[in-house]
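In the part that follows, the structures are each spelled out as structure tokens.
Shared between the two complexes below is subunit A, which pairs with subunit B and subunit C, respectively.
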Partner chain A sequence: MSISPSVQATPEARELSVIFNRADRIFRRIVTAGALTSLILLGLIGTFLFVRSAQIFNDRGLKFITGSNWTAGSGDGIIPDDFSIGPMLTGTILVSVIALVISMPLAIGGALFVEFYATPKVRRVLTTLLDLAAAIPSLIFGIWGVVFFSSYGERWSDLLNSRFGWLPFIKVQNEVFGRSPFVAGCVLASLITPIITSVSREVFSRTPRDLVDTCYALGGTRWGAIKTVVLPFGKSGVIGGAMLGLGRALGETVAVYLLLNIVFRYNFRILESEGGNIASLIALKFGEATEYELKALVAAGFVLFLLTLVVNMVAASIVERSTRRR
Partner chain B sequence: MSTMIVPTERANVAPEPTTPWRPTRKNKSISSIVFLISVVLSAAIVLLTGLAGIDGFGLAFFAVFMAATIVRSFRLNQKNRKDAFVGVLIASAAVLAFFPWMSIFASVILKGVRGLQPNFLVENMQFTTPDDELNMGGAAHAIIGSMLMVSIAAAITLPLGILSGVYLTEIRGRLTFLVRFVVQSMSGVPSIVAGLFIYTTFVNYTDAFSGMAGALALAVLMLPTVARTAEEVLKLVPDDLRSASYALGARQWRTSLMVVLPTVRSGLMTAAILGVARVIGETAPLLLTSLSNNSFVFNPLGGPIGSLPTYVFGLLQIGTENSINRAWTGSLVLMIVVLILFTTARYIGGKDKR
Partner chain C sequence: MSQTVQTSVTSVDGEQGEPKVVRGLEAKNIHAWFGKHHVLKDVSLRFPERTVTGLIGPSGCGKSTFIRLLNRMHEFIPGAAMAGQVLQDGHDIYSPEVDAAAIRLKVGMVFQKPNPFPAMNIRENVLSGIKLAHLKVADHDAIVESCLTRAGLWKEVKDRLTATGGSLSGGQQQRLCIARSLAVEPSVLLMDEPCSALDPGSTLRIEETIKELVEKIAVVIVTHNMQQAARVSDFCAFFLADGGPGYLVEADATKKLFTNPSDTRTADYVQGKFG
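Presenting the complex of A and B:
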């Protein structure tokens, strides 16, 4: 009964001990210092933005986030300075969410198509194009949006309004459909779709081929294989990719600046041609800002920084976890 | 003797992998006929009814093709019917996902090529108004400015990126997880925040907008890309190589500097190129740091400097016909640069793997 498991055929692997000499230690210190610059840089960005804008947070407190005015004072105190970013903060989130809602199904569908429906040759071409598309500068999406897409966007908005006008967030007050959060959201969606698609495709391509083939061998259809193997396997990777796309959409400046009427009013009707986001606010007001207003802009940048940092940290940890489990 | 050979020969022939679930030729030809009929039908719908434009055609085609697929799959069991249905859905999602940037490629090329004349690449806008004919003025100043800033940014970022890659793969110190995490999250810092950061520091202290400030802002955005690519590349170095180097008596620093890094030289080039491709089109940080300029500036500390993105952005806001044409041409040049960078990166990166 009691067979002692003490007999071991092979000895344990010997632990390699490395003794670093002075040259090694200097080398390691230099490399560590180099690697820490990104850490320090991130800290510096946060610190400097906060220090430069501390006065605003001190003066305005929570009203900076919740208030809805951005009025430069007259300087002599008759009209007081009144800076707050409420509408821009909600606008940022509104536009990004629209973009994410539109692009998620497209990106997942696109990634599945490239990975499981396209022939190998087509797949190679599409993968290359996809990487390239993810590198198109947002400025080019902006100019494409203004010149090419906005007429389609207006037509779709008109259609949406006439069919679904009874929904509170689709109803409009003035029937002018251009430069609305919907149009900007569509262009942002086409901007983040390549990013999400390429992350999702990467994750899907790591699905164990055996499992997929087993599914086919058991008589499963392509959709059966995707539903039972691919999607559960790639879920967290896709969510991570979506968060990366969201982070990109939250901080987008130029495309939103070019495609949205920046108006300081709370607006949740997606077809109304007013809205804005924090990044485009900064780009808009930076040129003619007074010194105090500049501080307010830096404060707005700080809020945006925190927002995207949280989103990206969550994304980074999800992606990290999903790739490590493999 | 011959009886001896036959079984071994048979054993050597590996069975060809077959894919019985693939559509047969008959199925394929029926599918393409259905596809063609749907195209014709939806074209007819677009011509005869209120639907119009390429979006109307797409919608009509989707409806017709979906109906055809459902009708065709009536004789199949429920499982296969669902598969056919979802297949059409996924293919349409893919078309919708790929349509925007295909359209972008096409429109940038079609609209940009008109202004792509020799003067665009050698002249500046000092004595030309944006509204002048396209054969006057150019973007040479912007191209030079972009090159200048991007090269400075690359010169700053490349060593730092390589160091952090080396840290993550060779040294693997206590902070490995933290560094990787920070690099990951930093890649999502909005470009305008990077611009604001350099504005509150460098621009404030030197009291001037300059190409150097723009380069620093771009460097902030470039660092995560370079660091991540460098790490990926260094991961590919086989551990045998390191062990062999240690076995020959080399210290860690010699192993890293003289064995590992030279092995991935071209991979590190790829990292730099991808970093450049990432930031070459960034507009927002430059609006806050380097502003723009209509004439040649070669001194990175010599005040506002032109760059391709701000050139395009400025022209777009003027909004007259010729200025928008110029903006398209600027975008075309920008896209060609990105394309060249990408092809080079792929070419070099492909070399490494062999």
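Presenting the complex of A and C:
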């Protein structure tokens, strides 16, 4: 009788508390600290670079990014300082993209070979070799590029030019083919291929066995299984590996420094003997820089820092989108 | 080493008068090894057309190994070797000139865990085998409908063929996998514990599906569920491995094997006394 027609409001969602036990608490603190440290470091580096170079951005504004001169002034004001990194910025992207375009098919093909076609023994050897190759310092690649590869690079450039010279980015003004973005890109490609191959192989090997088996059980070939399950499954991992490689290529200093004529002029013709990237610019000018020029170099470093950050964020979002879809 | 694939004799002799071609699938004196580990010993078994054969036996006795031998999936495992013959309509599928992929097309397989291709939708999943094997078909829609119907899934999914396979329930996913196997028109379907990851309702649905499939093809099903073996199979084979390699204890009509087996170990096993 006493049941009143209750006019209850919908209840508030209750707050749920989680109690961690001791071991969990300690572990949580350690990993949180680890994660925070890297974040803080990143923030500190960014702040440091920015503070040190703020004057440059203040003085030169957007012209620092778009201009194509790097002239140290005479100090007495007769020849003014003129620092800008346009060609180096585009050069960084150009050389890295060339490297990535060359290395991706090699890396994916290599990873598929190691994982699906090589005999177990060959696979073991190659896997070890790949991981070793990924750790070779870039200086070695630079020297190898100068001493050994450049003559091949020139020959390939010549060939490319004679076949595809009608393409605007392949056409050259003078037919001297050494020390071009293409040659530097090739050497960078050989530098980043091992790491991309290694990462790709790792993700390919994680493909669920029964999915691959299903392809075979449906009368598929190895290649069919690769196309149907291995590549879709490994896609995001391969992109991740590519970004790792791209990151290395973007910041690569020595190899580019050794292999490219650093010229302050916008150049998008990949066979032309001129180019450069930000990292090699810094290496080139750092030794005898005036105080103001040093700030400009730090500013260049800051731009490179942002570029890498953006590339990584784009990569992360690509990876996320391609994994969410399933 | 005796671990080589013997291929010399087939049961089709060119002799006039009596071509002793056995229709369906037949395993003759099968042995299997993983490296040096002998896991199957001298198993001979026939799978006539339009029958369901249940393979039962305790864990580790080599049932999975055996059915993987029937469509040449065994050889994908590193170190795996076999001896004996598997005859399909009288032809040895392990002959050197035989294309293993073509055999797998004729002898399909459904796995324990439902595993639709994650990057594909329902329709694409059904058609995946056709693409993989480069088969030419005129009417894809008709295939999708007929395979899903035979697998008992059409009514449930016909309005969402473009949803991903992962959006189905486990039982539906398994029926999708069956439909996928049917699309390439196998004459034998091997099923390795197809219901062990499913609820009783879905299990019954799959069993109904099997009974319909068998009007056209042979089905070989591995199961740990005695009631299931009794319900779906026409013939049953009991495997055992007591310490050494697995072997076939007894194979007979299911009714006989469950009510009046000739081996006491079979009787003990089907009554649940061990295993």
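The working rule: the second predicted complex is superposed on the first by the 276 of 326 C-alpha atoms of A that agree within 3 Å, B and C clash if a C-alpha of one lies under 4 Å from a C-alpha of the other, contacts with A are read in each partner's own complex, and residues count from 1 in each chain.
The working rule: a residue touches a chain if its C-beta (ideal position, glycine included) is under 8 Å from a C-beta of that chain, and two chains touch if they have at least 3 such contacts.
Not measured: the values here are computed from a predicted model.
Once chain A of one complex is fitted onto chain A of the other, the partner contacts of A:Gly224 extend to both subunit B and subunit C.
When subunit A is checked against subunit B and against subunit C, the one touching more of its residues turns out to be B.
Using the contact criterion defined above for the overlaid structures, shared-chain residue A:Pro232 touches subunit C, although it does not reach subunit B.
In the superposition on chain A, A:Val125 contacts neither subunit B nor subunit C.
Touch criterion met: A:Ile140 reaches subunit B, while subunit C stays clear of it. When the shared chain is aligned, subunit B comes close enough to touch A:Phe113, but subunit C does not. Of the two partner chains placed by superposition, only subunit B is touched by A:Glu320; subunit C is not. By the touch criterion defined above, A:Asp210 reaches subunit C but does not reach subunit B. Comparing the two complexes, residues 216, 221, 224 of subunit A contact subunit B in one case and subunit C in the other.
Residues 71, 73, 76, 78, 101-102, 104-105, 108-109, 111-113, 115, 117-119, 128-129, 131-133, 164, 166, 177, 180-181, 184 of subunit C are the ones touching subunit A in the complex. Residues 120, 208, 210-211, 213-221, 224-225, 228-229, 232-233, 325-326 of subunit A are the ones touching subunit C in the complex. Against subunit A, in their complex, subunit B makes its touches with residues 19, 21, 53, 55, 79-80, 82-83, 86-87, 89-94, 96-98, 100-101, 103-104, 107-108, 111, 159-160, 162-164, 166-168, 170-171, 173, 175, 178-194, 196-197, 200-201, 220, 223-224, 227, 251-253, 256-257, 277-278, 280-284, 287-288, 309, 312-313, 316, 324, 327-328, 331, 334-335, 338-339, 342, 346. Interface residues of subunit A facing subunit B in the complex, by the touch rule stated above, are 18, 20-21, 23-24, 26-28, 30-39, 41-42, 44-45, 48-49, 52, 103, 105-110, 112-114, 117, 126, 128-129, 131-133, 135-144, 146-149, 152, 155-156, 190, 193-194, 197, 216, 221-224, 226, 244, 247-248, 250-254, 258, 279, 282-283, 286, 297-298, 301, 304-305, 308-309, 311-313, 315-317, 319-320.
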